[in-house]
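In order of appearance the chains are A, B, C, D and E, and numbering begins at 1 in each one.
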Amino acid sequence: MKTRMKALILSLSLIVVAGITNIYAETVTIGMRTNPTALDPHFSKDGGTQMISMQFFETLYTADDKMTMQPMLAESVKVIDKLTYEFKLRKGVKFHDGSDFTAEDVVFSLKRARDIKNSAASFASSVKPVKEMKIIDPYTLQITTKKPSPLLVKEVSRIYIVSHKAAANASTEDFNSGKAAVGTGSYKLVKWTSGEQIVMKRFEDYWGDKPHFEDVIIKNISNDASRVAGLLSGSLDIIDQVPPSDMEMLKNDQKITLWPVSTARLIYLHMDHARDKSPFITDDQGNQLAKNPFKDKRVRLALSKLINRDALISRTLYGLGEPSGQMVPEGVFGYNPDLKPMEYDPKGALALLAEAGYPEGFGVTVHGPNNRYLYDAQVIQTVAQFLARGKIKVKVETMPKNVYFKRATAREFSLFLVGYGTSSGDGMSGLSLVLATYNKETKMGSNNRGRYSNPEYDAIINKAMIEVNEPMREKMLQDAAVIAFGDIGIIPMYFQASAWATRSGIQYNSRRDERTLARNIVPAM
Amino acid sequence: MTVFIVRRLMQSVLVVLVVSMILFAGIFAIGNPVDILLPPDATQEDREEAIQALGLDKPLLIQYGLFLANAVRGDLGTSFVHNVPSMQLILHRMNATLELALLALIFAVFIGIPLGMLSGAHPNTLLDRTLMTGSIFGFSIPNFWQGLMLIMVFSVFLRWLPSTGRGETGTILGIETSLATWDGIQHMIMPALNLSLYKISMVMRLTRASMRETLPMDFVKFARAKGLTGRRIIFVHVLKNIMLPIITVIGMELGSLIAFGVVTETIFAWPGMGKLLIDSINVLDRPVIVAWLMIVVLLFISINLLVDIIYSVLDPRIRLSDVKS
Amino acid sequence: MTDPIIQLKQLSKQFIRNLDFAEKAANLLGAGIKKQVVHAVDDVNLNIFKGEVIGLVGESGCGKSTLGRMVAGILKQSSGSIRYRGKDIHQLSTEERRRVQLNIQMIFQDSMSSLNPRMRVRNIIGEGPLVHGLTSQSEMDDYLDNIMIRVGLDPEFKRRYPHQFSGGQRQRIGIARAIAVKPEFIVCDESVAALDVSIQAQVLNLFMKLREDLQLTYLFISHDLGVVEHLSDRVVILYLGRVVEIAPTEALFEQPNHPYTRVLMAEVPRINLRHRKYSPVAGEIPSPLNPPSGCHFHPRCQFAEPRCGKEKPLLKEIASERFSACHLNE
Amino acid sequence: MSESLATEHTATYHETDDTLSRQIVRGVLNSKEATFWLTVGLIILSIALLAPWIAPQDPYDLMVLDIMDSRMPPGTKNFDESLTYWLGTDGQGRDMLSAIMYGLRTSISVGVMAGVIALILGMILGLTGSYFGGWVDALIMRTVDLMLGFPTILVALILLSVLGQGVDKVIMALVAVQWANYARVVRSAALVEREKEYIEAATCLGLGHWRILFKHLLPNCLPPVIVIGTVQVAHAISAEATLSFLGLGVPITEPSLGLLIANGYQLLLSGMYWISFFPGVVLLLTIFSINIVGDRIREILNPRLLQEGEN
Amino acid sequence: MPDSEPTLKVEKLHTSFFTKAGIVKAVNDVSFSVKRGEILGLVGESGSGKSITAFSILNLIDPPGRITSGKILFNGRDLVGSSEKEMQQLRGNKIAMIFQDPMMTLNPVLRIDTQMIETIQAHEKVSHRVAYERARDGLGRVGISSPEERLKAYPHQFSGGMRQRVAIAISFLLKPDLVLADEPTTALDVTIQGQILYEVQKLCRETGTAMVWITHDLAVVGGLADRVCVMYAGRIVEEGGVDEVIDTPMHPYTHGLIGSVPSQNRRGQVLYQIPGMTPSLLSLPKGCTFRPRCTQKTEQCLEVPQTLRTSSGRMMSCYNPFNQGL
């Protein structure tokens, strides 16, 4: 009797405890820094929007956590000729409304992305190379391009596939309300309250591995401190973009686990390569210098050697960074394992400067944004400190990004800090946009605000642009990187890092693209 | 009264026009929003397309004309960033801001006026001097730093109050408000206090000054000579007179409370209009900036009109002079 | 008598507040708002002769200060003319006008507000003569001493500021400022009204002394019949901007003609009238914004006839040197 | 007459021979509290003026900064123990004490310069408007109304987002929002003064327009201008700090107090209070001392209150 | 109460203001009395302490001023040292006051009826209706036509003269035993002054109220008052029947004052002028305060002169008076 009673009580309480933990385990609340502008996945390339789109919608191919491309709604792609690709689509995929996914949805989505109205950042350019789409059968699609486009698969894979039935003639409003927000993703939308939260539910008919948590609430909390406070108080289970200044504190907290990852966003210094007289380069007295020292490779090399990447990352960025010697991190297509970050070598730098004819340095103003990258203004100041060690008289000027980028594009600066994030999982775009010779017609080097120009490099890149053989293309990109970085076309400093923090008991499989995906949240092992 | 309203309305239209014109031109000068909206790896082609898509390629005057034409129909443009009507975006956030501003105003009135009256009734006493020095302190302390210190003391060291966000909201009388939940109230205390300290000081000084001005007036002495009690003299004769300037100032201050929300909302991460403005400035979301300011201008104008009407109800002299004119 | 030193011809002053745009708009909506016109001074004719003292009497709002300010050149008339020694002041050349302007000075009522509080007495009195070259920096001190002694001020005090003086002394400073530019004609606007009786007597005596010493002509504006009676040769009675009666002082006080003058005479408190039984005058002083029609005084007049409400009575000579504007005289 | 001369000697109401400045100085020194805060204010001012000579470090000299010394708590010594960071260091390894001294320099000069320029501009416009009236006045005053209708910080914010960053831009923005205050005060003072009889007397004396405007009207409009001048300078300092805090003010390399506070804002929650706390205290002391002295000046220049104060 | 007992008897009243600059002896050893139905003129120039005397009687002196000594006997009861509550019951009820500036005495934001009714209800427990009717009747008594309508008006809708009538109506509402009138006609025009004097005279006669009429204008006092007190620098220098004081002034100040008034008899002549000016109350001359301005002064005047009373009810304090024979 007594033992039975005990057993009963024990089992009851176990049930209760289990019940509680079970309920607890089923729902997860995310504190997300960014905010979707709309739930229409084609409306904006903006990161906050894409991050949310990715919860509900899927693409033909996708970059995995390491930014390596993996098939998703497409099972495979075949290159028929230089201009034609044939996609084999995944069968048995269902939309949230229960309808089947077919080639028709792909065609509809690609067209919709091209024709979207009123958007500042549409995907139109991704679909631009597409000349024709031909549905061979419901699961086979042929895409013909206007000219050879090696990046076609990656480009069309940026476009989320929406249901052609649900989204026909749908406006942004219809997506926001959930009416048209019908995808094939592992979660489906329950309710969105703009600027506040998104409620989602696991899609039980999902074609692939089902995510662990049934109910997910994403709270949009842009304030860093609030996210941290929410996590500490237990109202949030996981937060993204942990503020660097709180890393130390969270690391010491037993109940919190950090999940850092370095991203594919390279923070680098651009130098004015093109002009003989650069606007912000002066002598000791502040008069403009007749000669542009950045045209001398020794000077560029010296500058790179002056930067103490480790100190910068540990002190200014609280550890949230990874020193870099090239455009992309490991795992991204085109990464060259031989290119190491430049060593900190102030003595060597001074020697190089003296050799180049600047034993007493020169004057330069470093420009940078103050609200674009992680601690950008602080980083610039620290960089200035480093450069000062090379007897360079540095001034620092930072400004809001809206002013900064306009001026940077107009080439008003001599030495300036910029970031480039490779979002496609392919090193091609960075190399061609940032380092290739600027050409208004071909759009090459459109981010090359320093106007670095190296014909040898351009030749390889141009070849790679039309090379559809992937291993060959990878080799080309790696070779190109050796040329440009050996020449110090830009000074790569570090890959910005990012961290998630979870309460103990769950873990986050961090993603290099900084995206917070609900399906990546799993119970801790 | 008709003249009064007609005059005010005409002035208002003029103000709105002028402000919108200045704003439009000014924000046009800041820069091209496309640079911000596009991802950093966007191509020149993307840029040009975006510019066209947003209608930014048209001359400024035409853009302004289009804006005006739409504004008259109640459409203040669609956010570049959010692709929803700016108006909707702002109104959605307005609730939180107004709630905060009103609570701050209530603090200012119910703390400021009694203290000011106390001070004014006992001039040059220790109490008066302490209160007055306190009030100078109150409007000397920079608003944002005061917010930080509140957070430092009450959130970081004492851990009594949450430092950021709006907390849980509930619904009272169909209005979503933080005051409906305990959590919401906790979240609101510090921001409201932060917003109101300056106003408390101001109202206090104003009340005191009005008291000092009113108390020596003949009609107060006459009221005493009539044998009225001190209470009636203070709470009827004096209070009704000093309410006039106070109401004007409070009306004007409500406007500035909304504006100062920009700072407070930034510090306490209060999801109100102020933060929206700062965010929109940062991304140059022109339709939202312009709409924001238009709405605030309209808000100011209506508050002023309201204050003037209340004023004329309270002050019989105003009412009559208007009828006469 | 010789030619008048000052001649006022049909002098009028209206203060008009025009409708603003909003009011006009409101009128379109049927608000019925009219523009406001105050006839502060209405068709005044007056000759003032060298050496005489004219007393200008009236109750508040009757336009006596406005009239005084027009004569002193501070306000410009709306219509009519002011002639100085036969010449219309507003048709003179700038240089001549400046000279005429100096010849006509004014002494104000409020001794505090009429002296610049941030200037020393020395500058208050000396600025005019210096600017107009009546004296030079080097001779200034003697010039000032002379004037200050003349008005009964200790020259020692010339470095002081106005607030360091008593009301009576300040009024003397005002007088000194006026006579420092050697005027012929002085407008005194209620210049003794704010002073205590004992001080008032001092200032009145000073006025009389200066008149003799400097051969001054005064336009003496006052509401106080006693003071006017004491000082003036002739008296002008104003009622709501219009002259109702002009007469030599003694004649006026002995036998007032106009009903308003009579009421005024009856009500004026006199030290030698004791234990009076007061009898109330009917009515209030009407607002100058909408004065009664016809004779302005008719609603309060016990002799009023129907005609008085319709027709404006003209100022007519009723006896030698006596003028009155009343229908009853016909 | 000689009789009255003799006796009037004995009774003068105020024996003192006051000029405006003497009146103010004497009045301030009469109050212990005001004197104390005036002293504090003067000390702060001298620190700001002497910063380059008394600061332990030149916080603008990148050579002496060491990122490895960043975020040190108060009292820490640098690596070779040559320098003690009495108030700690900021995120760049700047000595906070030095940074505050230099920041004070920026804050005060911005506030004072903005105040002075706004005062001159506002005074000229206000005086012109009131004296000439008509459409000139209407235009000026409608602009003033428009400016004052909006809260300072909002207008400055929008202006700065157009103008961009920089000390000169901040000053421009502050002048733009403050001149209207001066113009309004000067105008209303001038309107009151203009009605006074001493102006009529001056007209009567045939003095020229400009002479009346500048020698008679202007000096009498000064007291309220002085009063709001102090308030406005304090306000300008505060506004500059706010704008810098919001990231729209002075450039990051020459931080004013507001920017120093902003730099420490994120760290405050992690317990690194010193970066935001100390500059804030100095900022508060600066503004508070100006306001206290300003308040006293207001009392001195308000005759009604003065009598009260003397009782 | 026997008729001979004065309604108000002020004895050796001293009221001083204790300021930073020194002690201002605003009322200095003042004694006088008023009988039922009598109008006493209290005459003096500005700063002579006449208004402070009135406020002292009502105990409405604000700090830093206070009554330092003396007695104020109202119907035989000493008001000095009475509690604020007792005074409140007297004010407006038994002792009323009329102020100088009619534009300032009424509260601008309260309607006339409110201001009248509150006075009644402050002292008598009557219904609003009754109070209202009494207020209406009160207005009628001071010659305001259609009082019913006027009660609903605000003060600014009235002219100065009308406002003064309202103030007078309020003062007489509760049929006080004593009314203190502080220059109630100074700010008014001559014709309006006449109207007010008429109303006041009528009301006093009807109700038998004793009145202290404070003024600087000897001529008004001459027409209205029964007796007159002349104040100079905080002291009463002469007291007596109106005719006696004006016709045969004894104190040199009174003498000079009357001589200073311009009048018909001396048209165009040099006025008599009292030399000098009123002394500052902060630093009064030693002895007789009038001494520095006095033409009759002797060595003796360095001591404060005794108050002399004659059999005819006159009083003055001077060592060398005029018209001594009388």
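Quick note on the criterion: contacts are C-beta pairs under 8 Å (C-beta built on N, C-alpha and C of every residue); 3 or more make two chains touch, one makes a residue touch a chain.
Model, not experiment: these values are computed from the prediction.
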Chain whose Cα centroid lies at the greatest distance from that of chain A: E
Between the pairs C-D and C-E, the one where more C-beta pairs touch: C-E
Cα-centroid distance, chain A relative to chain E, in whole angstrom: 91
Distance from chain D to chain A - Cα centre to Cα centre, in angstrom: 47
Centre distance in Å when chain A and chain B are each reduced to the mean of their C-alpha atoms: 39
Distance from the mean Cα position of chain D to that of chain B, given in whole angstrom: 24
Sites on chain D at which at least two other chains make contact: 4, 8, 11, 13, 161, 269, 271, 311
Shared-contact residues (touching 2 or more other chains) in chain E: 273, 277
Multi-chain contact sites of chain C, meaning residues that touch two or more partners: 166, 168, 202
In the complex with chain C, residue positions of chain B that touch it: 2-3, 6-7, 10, 325
Residues on chain A engaged by chain D in the complex (per definition of touch): 224-225, 228, 243, 245-246, 248-249, 308, 311-312, 315-316, 370-371, 377-378, 380-382, 384-385, 387-389, 394-400, 403
Of all residues in chain E, those that touch chain B in their complex: 58, 60, 84, 88-93, 96-97, 99-101, 104-111, 118-119, 122-123, 154, 156-157, 167, 170
Residues of chain C that touch chain B when the two form their complex: 20-23, 25-26, 29, 31, 33, 36
Residue ranges of chain D in contact with chain A within the complex: 62-63, 65-68, 70, 91-93, 161, 164-165, 247-248, 251-253, 266-267, 269-272
